[in-house]
Every structure is written in structure tokens, then in C-alpha cells.
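Just so it is clear, A, B, C and D label the chains in written order, and each chain counts residues from 1 on its own.
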Amino acid sequence: MIIPSIVVEEKAAEYTIEDVICPFCGCCCDDIIVSVKDGRIIDVRNACTLGASKFLHIDEGRLLKPKIGRFESAREASLSEAIETVVGLLKDSYYPLFYGWACTSCEAILLGLDLAEILGGAIDNTSIVCHGPTILAGQDLGLITATLGQVKNRADLIVFWGCNPLEAHPRHIARYSVSSKGRFISGRRDRKVVVVDVRRTNTARIADLFIEVKPGYDYEVLSALKMLVRDLDLEVDEVGGIPVSKLEELADMMVEARFGALFFGTGLTMSRGRDKNIEAAIELVRCLNFKTKFVLIPMRGHFNVTGANEAFTWRTGYPVSIDFSQGYPRYLPGETTAVDILRRGECDLFFVVASDPISHMPRRAVEHLSNIPVITLDPKLTPTVYLSDVAIPVAYTGIEVDGSVYRMDTVPLRMRKIVDPPPGILPDTEILRMILEKVRGCV
Amino acid sequence: MKDALLIRNGVVYDPMNGVEGEVMDIAIKDGVIVEAIDERKAKVIDASGMLVMPGGVDIHSHIAGSKSNIGRLLRPEDHRRSYEPKTALTRSGVGHSVPSTKTTGYRYARMGYTTVFEAASPPLKQKHTWEELNDIPIIDKATLTVMGNNWFIMDFISQGRIEDAAIYAAWLLKATKGYGIKIVNPGGVEAWGWGGNVYDLDELVPYFGITPREIVEGLCKINSMLNLPHTIHVHVNRLGMPNNCWTTLRTAHTVRKAFGGGKLLIHITHCQFSGYAGSTWTTLRSGAEYIAKYVNSVDHISLDMGQVVFTDTTTMTGDGPLEFRLFQSLAGKWANADVEVETGAGIVPIRYSRRSYVGTIQWAVGLELALLVNDPWRIVLTTDHPNGGPFTAYPRVISWLMSSKARSKVMERVNRRALKYTALPSIDREYTFTDIAIVTRAAPAKLLGLKRKGHLGVGADADIAIYDLDPRKVDPSVDYRRVRRALRRAAYTIKGGRIVVVKGEVVEDIPGRSIWVDVDIPEDKVEELLREVKPRFEEFYTVKLRNYPVPEDMILNPSPIKINPSI
Amino acid sequence: MSCGDRLKVVLITGRSIKQGKSKDVGKFFDEYREAIAVCEMNPTDMETLSIPEGGYIDVSSPYGSITVLAKPSPDIPSGVVFIPYGILVNTIIPPDTDGTGIPRSKGLEVWITPSAKHLPDLKFIVKSIGGV
Amino acid sequence: MRITFKPLTPFKVPVDLSPITPDNLEGMDIGEVKSLQVWVGSKRKRIDEIFLVELSEDGGEEVAIVFMGDFGKARGIGSRMSKGSITVKGSGGLRVGEYMRGGTIVVEGDVDHWLGMAMRGGSIHVKGSAGSYVGAPPKGSSKGMRGGSIIIDGDAGECIGAYMRDGSIEVKGNVGLFPGLRMLGGTIVVYGNCMGRAAARMKDGRVIILGSIGSILPTFQIEEIRPSVRGVRERLEGPFYVFQGDLSEDGKGRLFVSKPSNPELAFFEKLL
């Protein structure tokens, strides 16, 4: 190829790699410069503080050997013993639940789907507890979206609703939205920026208009905006703590924009109404498209949570929460969703890859894990690893192993290996393949 | 002898080699068709009384990539009514109109299809397309690369830098592992970036100082400069609008005016959707006769049908404004997904109803095109899967082509008023088995320039479909149901010399090959151009130039075709 | 709404830059615990309950109670508190998803009271989940 | 004919009971019933491997099925049934009465989400509480409840009667958000309180709230005050505020909200 996929300038024991894709958030910034010396990352340029922190701390708090046993009774085990134990537990299981998949490659996710299908278990990815409602709403109405470059080149109005990119997606503003420069927009001064949130976030400070909505009233506000955009009259004076005159101002800004982009985050998906909030946002954007051009883009969290949805969908037809127990993919929110399976205590084994559900699911749901075996593949010593009956260390996707990932706007990217993993530590794809082979042998 | 196979006594239809229903043996070794093999050491399939044809080739089908996946995501209700449990040999899957990856491969193989072209892939999302294609088993796959709204191509053409445009296009094909140049609503999808569209060949694309006519002519020129195996593959402007058959004809004719006749220059895809006369939806008429008359009088154009079948399906296209219009009239689900610098996409579920006036016209237009175009080598059977209906409907479409009785049966139950405005009731042409072998295999392979596909001559890939149907005994005109049934489930499908389907069931789950063109442009020319392009590229795109190409190691079973351009 | 030394507030959870940064360093390090064991609230609400800066509070819901550090933030409206995502706040989040698959992690009504307790040991919490 | 199923041990994983319906068991002898297979997690099990089955001939021709015990992990009790009866003496699990066409289901305990999913006919009576999406179509579909009646003595969750076209849902207790979401017809009566957003995006149909409701969506407009209104089987005394909506969908549905239970809505009277 004329353009090599990565430039490597070798200087003694040191090399610098350009255009590295950042394995932190859904922005997947692909302009990171990483310097390596003696096999360790010593410098990271262009990354935000979150991304840089991940690159620079991969060696800390790591799980270095497979372990068997919970908490303090854990003991080190060989990889083959750990895998034998895992396979033994899987074989005896009637309804295993496979969970995680947001911080690994699509290659690993597809192997996870293989495993769940063969064993007749359920498999879910972490998007169900962040942008699951976005997916649910998309299934009922359809998302009206665009890649981030459309925003960069064209958007003269940007609305952040229930999201705080300055803290969660720090480079979003410079690279993709507020101050990005493109063909038809030369930067911040060509754009208007609106922030809608329940608190004055850091992002609100850079906005032209900040609208503070009462917690849990987004649905009402979005509904009122839909009425205003459709030129229908409101009978009330204020909605969700916002005077109607202010909403009229926002509605006019939206209609007058040539290309508007509504970015939304967990402020909409997790609050009162959940998927219905997103439906209301989609309906608003639909109405806006009769008058101008408007798109809506979810601010996805982990670097490959979007990829998990994509891979789940192409293989099974459904983006999250698949149940293979009857030999084919089935899906129904509230039934096959991970939190609900755990809450009802229905799975008899919990298999976690690249996630920390103990930290990120309600305690009342994960308490079921005291009754069933827990298996985890993770590079780090997390609370979930600590609780696991078997944990196997794996390499960091995007740093120690290459793999395919999807940015928040579904643009696919190919991550590259930068350094070797610590000795004896394999990529999760390798571990999953070993388990799969042994499971195939006995099912 | 490894992988030796002998198909004995089949009734063979191989139009490319002039074989029309002869009883003969076919010998296979190492995945290709050979003159003869040692029968004692070969596995033998007794195909006596069976129809033997080359494996089917689908020239235009939306099976993988961003759009297809949005379609899947959008339609859980489509999956619930059509699912396939895992078996000891195969994987599970779901989907009536937008099947999941594994199921897509199995269903094509069960019908005896062995090569499928994904019809439209935006370069920026091409890695996604290949990841899905990797996951589709059995069939060989390739993709057509969307270029008709690409900013760099449009800029180069409007600046008169046609050679640079050609080099850029060649680089795009190489970088994305694409097979050919796809044009979707030239200029119109760029205008959709502002919520607009273009409605005429000579309308200026906003901000680009270029017209659809110039885009089509430019890419047609580029196509021939690069010596690509397939012509430009065009989804015309005004697709899916009343009275658009004239736009179709003018698009076809503009390349003839520019480059003359004598060879194929343009493929008008899913022509049914751009074959309407009548100025409004209520006065919609079939425009198939006008198009067929033109096609019959020239030699530079080929078509595929884009046949509509009466079912619940999912429309998906790069033509964003078209899907928005569809949403306006159907008011159900609508997904949109613009792709920066390149194209857009829209997805809307639809139900084609027999009773509806428009649905009936659409159904008739596709069949009229196939029946009125005289030369079967220039019309290919498609449903523009899943736009006109899922590909699993091909046997139904074949039965309509082969039997006027089958068509009459349907016509008894469609919208009567609509039928008056189509020529279909008066057409009595019926396709022969040779015609079918042409429009489903030989013609698409030939139009795509696939030298080893679509025929059973020595050296061809051993992709073969065997159907439990004796063409000497069955009259398809009368016994069309039998034909339809046999074609739904191949008695045997052989892919690359391996038996993958027996009696309509998949017996071996093998990966297919990935085909693309490797256009051999001098490296220094490409490098020079990219040096110039890079700053603008990184200003317009949100990815770095280096992260844009599809790395070759992402692709399963790569099978590139070397092309020597005339640059 | 206040009632004696208790205050009923709406709990919002979310990402904070400190939580995001420290989660990839190590979840059993103090830095992470400090990042997640913090509750940002309006200074007037702190005054109402006479919580000093750097004081601890208990945040309780019907599902449990946690001790976190109170941190004044004028950007947060009165009657609302913010705690970053993590194992602590998830102790008090209801597990029901109302058929959507996602728990309601924002907009939950909780009670806050000044606390004499210290920040919890995260390992201890994990053990209690694991049935120890 | 009365057939009783009692679990041998409590269920640990999901159990799909959709094949055990009066339609399927009609005319079977005890041996045939026992040899039926159901999904227990990912394994196929014979009925008699997991249940104690008793068959008695009382009650005549009609098949009456009785499930005794905790069926909280069960799926699809009464799925697609068109006749006969099912009684659950305990809790009922998910998707009770999905795609039901006729007959009756009585659940003495609670049920989980998707009760009466896309139901067409028959009646369901839940004596405990129900989860969310009562009568709603499965995700992605817009074909909701089209007939039959559902009565819930306890509370119900969110989105009850979503996409409902016909039939009735009555909840004696409280309901969560969004009763009657995207409703197209039929009647929903809530005797208790509603958390709010009643009848969001409704096009037609009637939602009646007798208890208090947090607030009315800004997409509804007040029409009148009525002293009483027709419920499902009785007249309900008010007075009621009558709202029309959802205006953002050009809806012509009616939302009836009790005036005495909602003093904070008095400001709407000024608009009349």
C-alpha cells in the first residue's frame, strides 16, 4: 500500500507511532502519538487527560496471572488449569449469561456470540445500561443520524442534551463539534451552541444558550419543542421549569439552522422516561427535518460499545440482550436484558469480558452473583475480578492487541498493537478461542 | 485425488458455452471445472433428470454493511417471524427481509446462488462492510464502492482534472477493496446534506459547481480509463418518483453521446424503481416500454430488474432524500445515516400490497422490463434485495418470467385500475431455461467481468447449482409451481468444488472468497496525488488518511483481480 | 424538602473526569475511591443540613445507604445532588428496569443526612455483594 | 378436565411454559401431557421431569390448567390460547397471556412485564401486581392489544396499553409513567394514582385516571369538565377534567383525570 497504516520511526530502543486510535471513549480519536521505550509507553501526545491516563497506566493494578477462587481465598493458577475450570463450569450450566464486550474488539465479541450460541445462554453488552434506551427508541422509530464529519463540515447549530462532553468526551468539542473546522464551517464563530441539562456543567459554560431543565422533565420539554416546531400552540407558560418564551427561542434556533445536530447522553437515557425520552428526541428531529436538516447523535461511552451493538446486530439481528436458549436469537427488553436476568436470579453462571458490572450495575441485581459461579476476562484487577471464581488476565485491546472497533457514529476503525502485553498474557480473542474449542468438543 | 467430483448425466444449461439442455457430465478438481477426471477416485453425484446450471450470481443485493445493519436494528418484528435455529452443522439466525449474516449465506446457497455483490458501500464504512461479508458463509462476495457524491471526485471532475479523479477512484477501490464504481443519485445525496436533492441531470449540485450529468459522464470516463471489469453501476436521479423514466433514459443516453456505442458503458440498476411514467402518484404509469424500446435500440446499456414482490420488506439505499420522501408518505419508521464527504443512507420498512395502485404498477414495471428487453444478456434478475423484496423471492420472480399463467394468477388479484396502465397483460413472452440461466448467472457474471463465474467451461470456478427438476419433462409455463419449488431448494449446491447444500439443506459451512479489483496505478502518481489531497482530506474527514483504508488482513480469503489501467 | 436533619433530594449520577481518569488506573486505588465517593451539591443545601466543607454525608434510598464526601458546587441546583458512577452509588440504585433493561440511575429520590462514618472500603463492599 | 402442574423443585433458570395451553392439551391423556417437552434454560425437559402432574375429569369438557407455586421465572403462560382457562396459584412470570385470543387466565400472585402482550381476545385477571408493558406489542412492532380485557387488582408498571387498538385494561392500584403510550383505541382505567405522562402520543382511545397524576403533558389541551364518565363495565363518578391529545401527533384521544384527586390541576379551569 502506498500509505502505510502506521508510521514507525525507529530510534534506538525507542519508537514513536502516529495516528494511533485512542481506546478510551466513543470518540475514538485517531490522531494520538505514542512514544515507546523498552516496551513501555512513555509519552502520549494529542490525547485528552482520560485517554492519556489509560495509555500511561496500563501496567498499574494489573491482573498478571489467572486466578481461581474468590476474594482472599484466590490462588494463582496456570492458564490451562483456569481454562479447564471455566469449561467445566460452562458445561454444567443451563443458562449462562455472558456480559460486557464494550472494551474489546469486534473479533472478541463475535467469539462471545459463538460461545453463547453453542451453550444456549444469554449474552448482553454494556450498552444496555447506558444507551440501551437509544437502541430501544431506534427500534420503534428509527434513528436520524450522521457521521461526525457531517457535523464538522456543515453544522451551524449544535445542541448538547443531557451530556457533558467536556468531562466525558473531552476532545469531542474540538475534533467533531463546537470548534471543529470543515468545508462549510470555519469554526466556533460559525456555530451556535446550546446546552440543555439539569445542572450547569462545564460544557454549559461554552454555550450560547444554556437551558436548565428540572430533573426528570426532559420528555415534557422535548414534547413542547415538538409542538413549537410544528407551529402548534402551548397552553401552559412553563414546561419542566423553563419559560415557554425560552423554548420558543430554542425552537426558532433549531428551525433556522441550516444543519443542526442534537447530541444526547445518559442525561436523557437514564432519567425518568428513558427510551421514551429518546423517542421524543427522535420525533422532534423528524419534525425538524420537514423544515431544515437535523440529525441526532448519541454520545456513546466506551470505545467499542457501538461495535458491540453492530456485531451483535449483524450476527443475530438484535443489538443487545440476546437469548440463545432455544437455539436461535430471541430478544425482549425486560426479559432477556442482563440486569433483569440478574435481578430475577435466572442465570446459573456469569461470564464477564472487558467490563466491571459489579461497579456499574445496581447492587440489588448483582447480589445474585453470591449464588453462582463468576468468570471474568480482564486486563486489570477490578471489583468484578476480585469477586470472580475464575479470572484470566488479557491484553489491552488497542494497545497490546489490534482489533476492529466502531466510533460513536458507527464509523469503523482498525486499532493497532503498540506494545507487547506482559509475558504470558494473551489477547482475549485467544482465550475465548481456546474455551470455544474445548466447549465445542463436549457439547 | 483430493476434491475430485463428477456430476453425471445432468441436464446442463450453460449459455455462455452454448449448452442448452444437453445431458452431460461435469468434472471438478481442486475447485475448478476440468476436462476429465479419474472417475474411480472421484465422488460422483448422479444428476440424471436434474437441471444443472452454473451457481447463481447476484449483481445487486444489499447484504452487508452499515445500511443493512441499521435495517436489522430497525426491525425486530421482521426477525420474530423468520428465524432459523442452530443445527449440528449450521448457525442460527433471524430475519425475513434483513437476515443476519450467517442466514444470508445459507439462504443464498440453498437457492443455488454462489456469488453476491453488495450493491453500495461507502468507503468510510467499508471496514464494516467487510467485517459483515467475512461473517457471511459459503458465497463469494464483492462490493461496489459509492462514488457519485464523493467530494474529491466531484471537485476533480469540476476542475477538469479527470486523470487525477481516475487516480483517486483507483486508490479508493484499492484502499477499500472495492470492485466497481457505484453512483447513487449523483449530486442529490450531497444536496441531502442540506436537506435538499437534485431533480434534474443539469441541475447544479449546491456549492460544487457540477451537475449530475457531469458526474455520470466523468465517472464513466474514469471507469474506462481504469479498464474496470464492470461498467459504472448507476442508481439514477429521481429514483422512486413519478415520471422518472425520462431521467433514466437521459442518463443512459448522455454517456452514449459522450463516448459512443459499440460497448457497454452503463448499468442502470434496479431499473423498475426508475421506470415510471405519469406525472403524479395517482396518475402513475409504467414507463417500461419506453426504456425497453431504448435498450433494444442501443448496445451500451445493461439493466437489472429491481422486481417488487408483494411482501413486507425493508427499503434501504444510499439515496437519503428518497427514503425521507418515503417516510413522508408512510409515516412509520425512518432511519437516516449520512456519511461525511461521501454519501448518505436511509432505511424505511414497507409493505408492497397487491391491492394498492402504486404497488401493482411497480410489480408490473419490473416484469415488463424483463419481458420487453429482447437481449437477456443485458437484463439481470434482482429484487434489489431487500428493497423490492428479499432475495428469497427469486424463485417466485422466475416463475413469473417463465409462465404467463403464473403472471395471470397474480394479475387476478392485483389492483385492476393499475393494470390498465401497464403493458403486462398483453405480453405473452415466457422465459426459457436458457433465458433463466442467462439472467440469473451468465449475464451478471459477464456484465461484472467475472471470467470464472457464470459458466461451466473448463477453468471456471466449480460453483454449480443442481435442481431436482427435469427441464425435458416439466413445462414451466404450466407447471410453474414445480419450478418455483425446485429453485427454492437446490438438490445440490457446489461451491468451489465442495458440496455445500444437499436437498436444500446446508451440509458444509465453509467461508466464501472476497473479490476486489487491484488497479495497478504507478505508485508515484498515487503518492503525489495523496500528498496534495491529504490536508483537505483531513480537514473534511474526521479520520486520518492513514486510518481510512481497509487493511488487507481484515479480509477473509482475499481474491483480488489485477487490473491494468490505461493511465 | 427537609425534615429534621434529613433532606430529600434528587440524585443524578454520571461520568466525572476524575472518575474516568482513575478508573483505568485501578479501582482499588485510593484515587478511584476518592473520585467516586463524592457527592456534589448546592452550598445552600449543605448549609441547611449544617454540613461543613469536607464533611461526610449518608445518602439513602429504599435500597441501601452509602457514605460519601460532600462537595459544594454552585452549578448544581438546590434539591439536586450529583454522585459519579461507581460501585458506591449503585448500592442505592433500584434494580428494576420497568421492562427497558436499564435501571433508573438518574432522577432517583434519596435522603441525605450528615454522617459520622468514614469512607467505606471498596473491597469490603465487593465482599458483601459476593456473599461474604 | 382439570390438569394441575406443581413444580418438583423451584425453578433456577427461565422455563418456557408456552406449550402448556388448553388448546394444546385438549384431548391428551395424562401420559401424553407428561411427555410434552418444554425449555428449561437451554435444555429440553419432559414435563414430568420438572412437574408433578395431576389430571382430574371434573369441570367437564373444557380444559382447565392450574399452575401451583412460584412461576416468577416462567415465560409465556397461556401463550396464544384461544379457549379454556389457566389459573396460576402464585406468581406468573413474563409474557403471561401473550397473543391470547380467548379463554381466561387468573393469576393469584404478581406477574412480571409484558402481561397480555399483543392480546387479541379473552380475559386476564391478575390479583397481585403487574410489571410494565401490559398489553403492549413486543419491541419494534406497533401492533398492540386488539381486544379482550385485563384486570389488575394491584399496581402496574410503565407503558401499560402501549399501541393499544381495542379492548380494556383496568388497574385497581397505581401505575407508573406512560399509560396508553401511542394508544390508537380502547380503554384504560386506573383507579389509583399515575406517575404521569398519561396517554403520551395517543392518537385515539380513552385513558381514565381516578387517582392523582403528577402532571399533564403540554401536548394535551383541556376540553371540558364532565361529572361522570363511562368506564369499562360501570359509570365512574367524577367530576373529570377531559383533555384531548396528543396534539403533537394530531391525536383525537381523550384523557379523563379526576378533579377531586388533582387539586393542582385547577389552573386548567381558567382555560375553559
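The definition used in the following text is that a residue touches a chain if its C-beta (ideal position, glycine included) is under 8 Å from a C-beta of that chain, and two chains touch if they have at least 3 such contacts.
Just so it is clear, the structure is predicted and the values come from calculations on it, not from any experiment.
J.: Considering C-D alongside A-B, which chain pair is linked by more C-beta pairs in contact?
T.: Counting C-beta pairs in contact, A-B comes out ahead.
J.: In terms of CA centres, which chain lies closest to the overall middle?
T.: Smallest offset from the overall C-alpha mean is found for A.
J.: Would you kindly tell me how far, in whole Å, the mean C-alpha position of chain D lies from that of chain C?
T.: Comparing mean C-alpha positions, chain D is 36 Å from chain C.
J.: With centres defined as the mean C-alpha position, give me the chain B-chain D separation in Å.
T.: 46
J.: Using the average of all C-alpha atoms in each chain as its centre, how far is it in Å between chain B and chain C?
T.: Chain centroid spacing, chain B to chain C, equals 56 Å.
J.: Counting only residues that touch at least two other chains, what does the list for chain B look like?
T.: Within chain B, the residues that touch at least two other chains are 74-76.
J.: Do you know which chain A residues sit against two or more other chains?
T.: Residues 136, 139-140, 272, 324, 326, 331, 333-334 of chain A each touch two or more of the other chains.
J.: What positions in chain C touch 2 or more of the other chains?
T.: Those would be 98-100.
J.: Looking only at which chains touch which, which shape fits best: line, ring, star, complete or other?
T.: Here the contact pattern is something else, fitting no line, ring, star or complete shape.
J.: If I apply the definition of touch given earlier, which pairs of chains qualify?
T.: A-B, A-C, A-D, B-D, C-D
J.: Flag every residue of chain A that touches chain B in the complex, lowest number first.
T.: Within the complex, chain A touches chain B at residues 1-7, 18-19, 21, 30-31, 106, 110, 117-118, 135, 138-150, 152-154, 175-176, 181-184, 258-259, 286, 289-290, 292-293, 295, 309-311, 313-319, 324, 326-329, 331, 404, 406, 410-414.
J.: Please name which positions on chain C make contact with chain A in the complex.
T.: For this pair, the touching residues of chain C are 10, 12-17, 20-22, 24-29, 63-64, 73, 75-77, 80, 82, 85-87, 90-107, 122-123, 125-127, 129-132.
J.: Could you please specify the touching residues of chain B with respect to chain D in the complex?
T.: Touching chain D: residues 74-77, 80, 332 of chain B.
J.: Name, in rising order, each residue of chain B that touches chain A in their complex.
T.: Residue positions touching the partner: 64, 66, 68-70, 72-76, 79, 83-86, 91-95, 98-102, 124-128, 131-132, 135, 151, 171, 174-175, 192-195, 207, 324, 327-328, 333-341, 344, 347-348, 523, 526-527, 530, 539-547, 549-552, 554.
J.: Note which residues of chain D are touching chain A in the complex, please.
T.: Chain D reaches chain A through residues 12-14, 16, 39-43, 72-73, 75, 94-95, 112-114, 131-133, 138-140, 142, 159, 177-178, 181, 197, 200-201, 215, 217-219, 221-222, 247-248, 268, 271.
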